[in-house]
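Just passing along the structure, written as structure tokens.
Order as written gives the chain letters A, B and C; numbering starts at 1 within each chain.
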């Protein structure tokens, strides 16, 4: 069960090359991405309506995709425009097409009713190409349900335990952080404040703090159903960060899109952007510890999924689960809302009589 | 669901060596092939009736098979002829035996009621050892239902798309071919004629045509439930092939036996035979492109099976599906006919009391 | 379906190092073994009650285990003793603990109701550290139900067929052995006597017999549900072994604990101990053929399991199945007895309200 009427990140822009095809399962659907002659992306169901072969075994030409089995050709809207050997095109011969948008170096895809696709719902994150930010991104295929990744991001007390060798710092500082959770228009926002704490190793590696302890903050924004933006910062302790004096701060802006592949696997698109402190550019390699950090999360949620597969219940809640619980409720509400609507998102079943039938 | 009362190719003859055992799953049954002292093949259920161990863990001696666990011995009819440590042989102690025939370098096995086994139903293909034909064969284990392979063979318009690097030629020539489909006594026959077409690369590699374009023909014979013979030829265009003047033609005789292993896997026995043109023998290596050609088909039907596993329906039919539809109807009719018969093909369930029970 | 109220071998002692954790699935339960500061073993359910992460991703400290996700800490009884960031510990916050005992270099674990754990039921086998016995042990993960291993051990007529290259000797000697099966307090005992038989290769390799043929005996003790002790011996033929004159005998004492991992996989702990003949010590390497012998059994029962998965019935019983049948009946009786008791072996389902709920 997935929320269908939503924008999901389908690919990083550079994963879809001109003339090529990218086949990727999203929310259980096989989706074929390719680019039109004008460079804009297109997305079709990756399954020929004739004999079921994935269209990705065929080829792209003139904004159309031709099946690699018997040559049926489909345009960007999914309409069949050619059946070799016959003039007549069966009315049922079409494949589903998906609305796509390219923003901030990502290709977003709307998996539900095309008529409901609303561009204003795309989450903005314009740091990939900014000269003032150092940027790093990747995609991990995680063997876990996408909500376990959201859970992980909504409760950052895990940082002291899961990431104690990278961005962690002392566990106590995290669990003593002052946390505030509130609903937003499209999700949930959690703010955490860790004053006067020990800087973690990865912070010291990239920033010259002038005090041995630092003030840290984390602003976590969940956009239902599957995007989390995290703005974190750190500054010399007691120098006014809480009051908004952050010019000299170390800033990290994280972006996480946990797009379901199946119920138990997720395309985890993550990126990190760091501000250039005092005009100094820091090489991308300095963000490399993020790869390890996100691998640590991947290990945890995969082990968690395997354990929950075996024994889903019971689970016990604790105080720091507040953000997670609020996020899951938001998704559950969206699912209920969709279940109440009879959405015509699938092409009608077709069994056109064959010419020789 | 398989047609049981039929001959299937169980193995190439050279897969069953004297004194050795070949264990192979056919139609979901574990079958043990071995050779009797006189060289003729035998086939037993590969499962000891005592504790279920596959008999292939034991050994062959004196036309019998002895289980490798506790030594029960079975003769070629499946009757237990010895139980170590006791004189009495429990009446239920027997394994199923299968009728087998060896023809044209293949071992055929009858998977249904032995009383119905009719030798005249074995499809003939005597080219493996003919001095006038160059012959090549192999067996691919295909991760797809056997009928997807039959489908593939019955609609050769796929040749222009799937095999465009090997035997294809121009797709248009294939889809414009004049095609005729008709029922035969044991299956379906499709004839296709492609006059004045561009010769494909693999044809030019083995034959010296005297005209830049050629006349091509294909005669596809389906023998239900799982054998397809294909006779194809090519000749200088306009030199009388259609009228039967084919002495100087390039001839390929293909043989395909798609024996089900399970519902979603198939032992695909294929062979190709090419006539010696004008008395010249051409080395077997010249047929090697067949390995690539059949690999191309394997890739397609495996991708198709995976796609259909996910979403079996809907599918849309087109004109060139005629042969495929006729072949599937023939198999469906055989399945219905068998379902109406209560066939005593399995040994009766047995739970003989143990001596110490 | 497993007998829960029983001691099972969970690990060889040397598999659980001080400060480390051993995670192992037993009877379908994830179990975490570790050692307390005093060296004694402890066992907890390997699943945090908060978010389900296996506790083995965390660490051991001060006789407690701390979860590697959000830091919940559990003591040896499974009680949660700390939740980072909050004073109150939810009453439901606990994990199951298992009674454990360390005996004869093995860690035994009671998988059922802790109140029923009875130390006198632990099977004794004190040969691992005796100076008078050469000892060898290992653990194989076998892809088969544990009862197939018991079956194998209860009917030693298999030795002549499965182990004819190692400990077998002539098959006929085994099937002609005089066998006696009787019920014992905790299981089944089978005695077999093979007078005047050909010594197998592995016997000759370690012992100097003074006669070309030998008298052999085997005493098989099954302790339900999953332990088999086998005492076997061999002596110069006709020198009084049956009457108890065994001082000069070659003695093997085998120990087998087939602890279920799942319904179709088993941790097979096996060991072999051989007496020092006439005061001579024989190096451990001389027992190495045991590794091969037990591998031969592993191959057989795994092939048997795969075959029975496909076709469980019918099976036919023979005379030598007596010990196996008696052992299986004993286990079945224990399962029935447990099914009639409502055992409170699982912690009650918990869904404590979260502080922010």
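The criterion applied here is as follows: contacts are C-beta pairs under 8 Å (C-beta built on N, C-alpha and C of every residue); 3 or more make two chains touch, one makes a residue touch a chain.
Computed from a prediction, not measured in an experiment: that's the story for all the values here.
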TODO: Chain touch graph shape: choose line, ring, star, complete or other and state it.
DONE: complete
- [ ] Count the residue numbers both chain A and chain C use at their shared interface, divide by all numbers used there, and answer same if that is over half, different if under half.
- [x] different
Open item on the list: Rotating chain B so that its CA atoms sit on those of chain C: what angle is that, to a multiple of 5 degrees?
Closed with: 120
- [ ] Please work out the Cα centroid separation of chain A and chain C, and write it as a whole number of Å.
- [x] 47
Open item on the list: Show the residues in chain C shared as contacts by 2 or more other chains, in ascending order.
Closed with: none
Open item on the list: Touching residues of chain A toward chain B in the complex: what are they?
Closed with: 28, 30, 47, 49-54, 57-58, 66-72, 83-86, 90, 92-93, 349-357
Task: Interfacial residue positions of chain B with respect to chain A in the complex - done: 151, 155, 157-158, 160-162, 171-172, 174-176, 181, 299-300, 303-304, 307-308, 310-322, 325
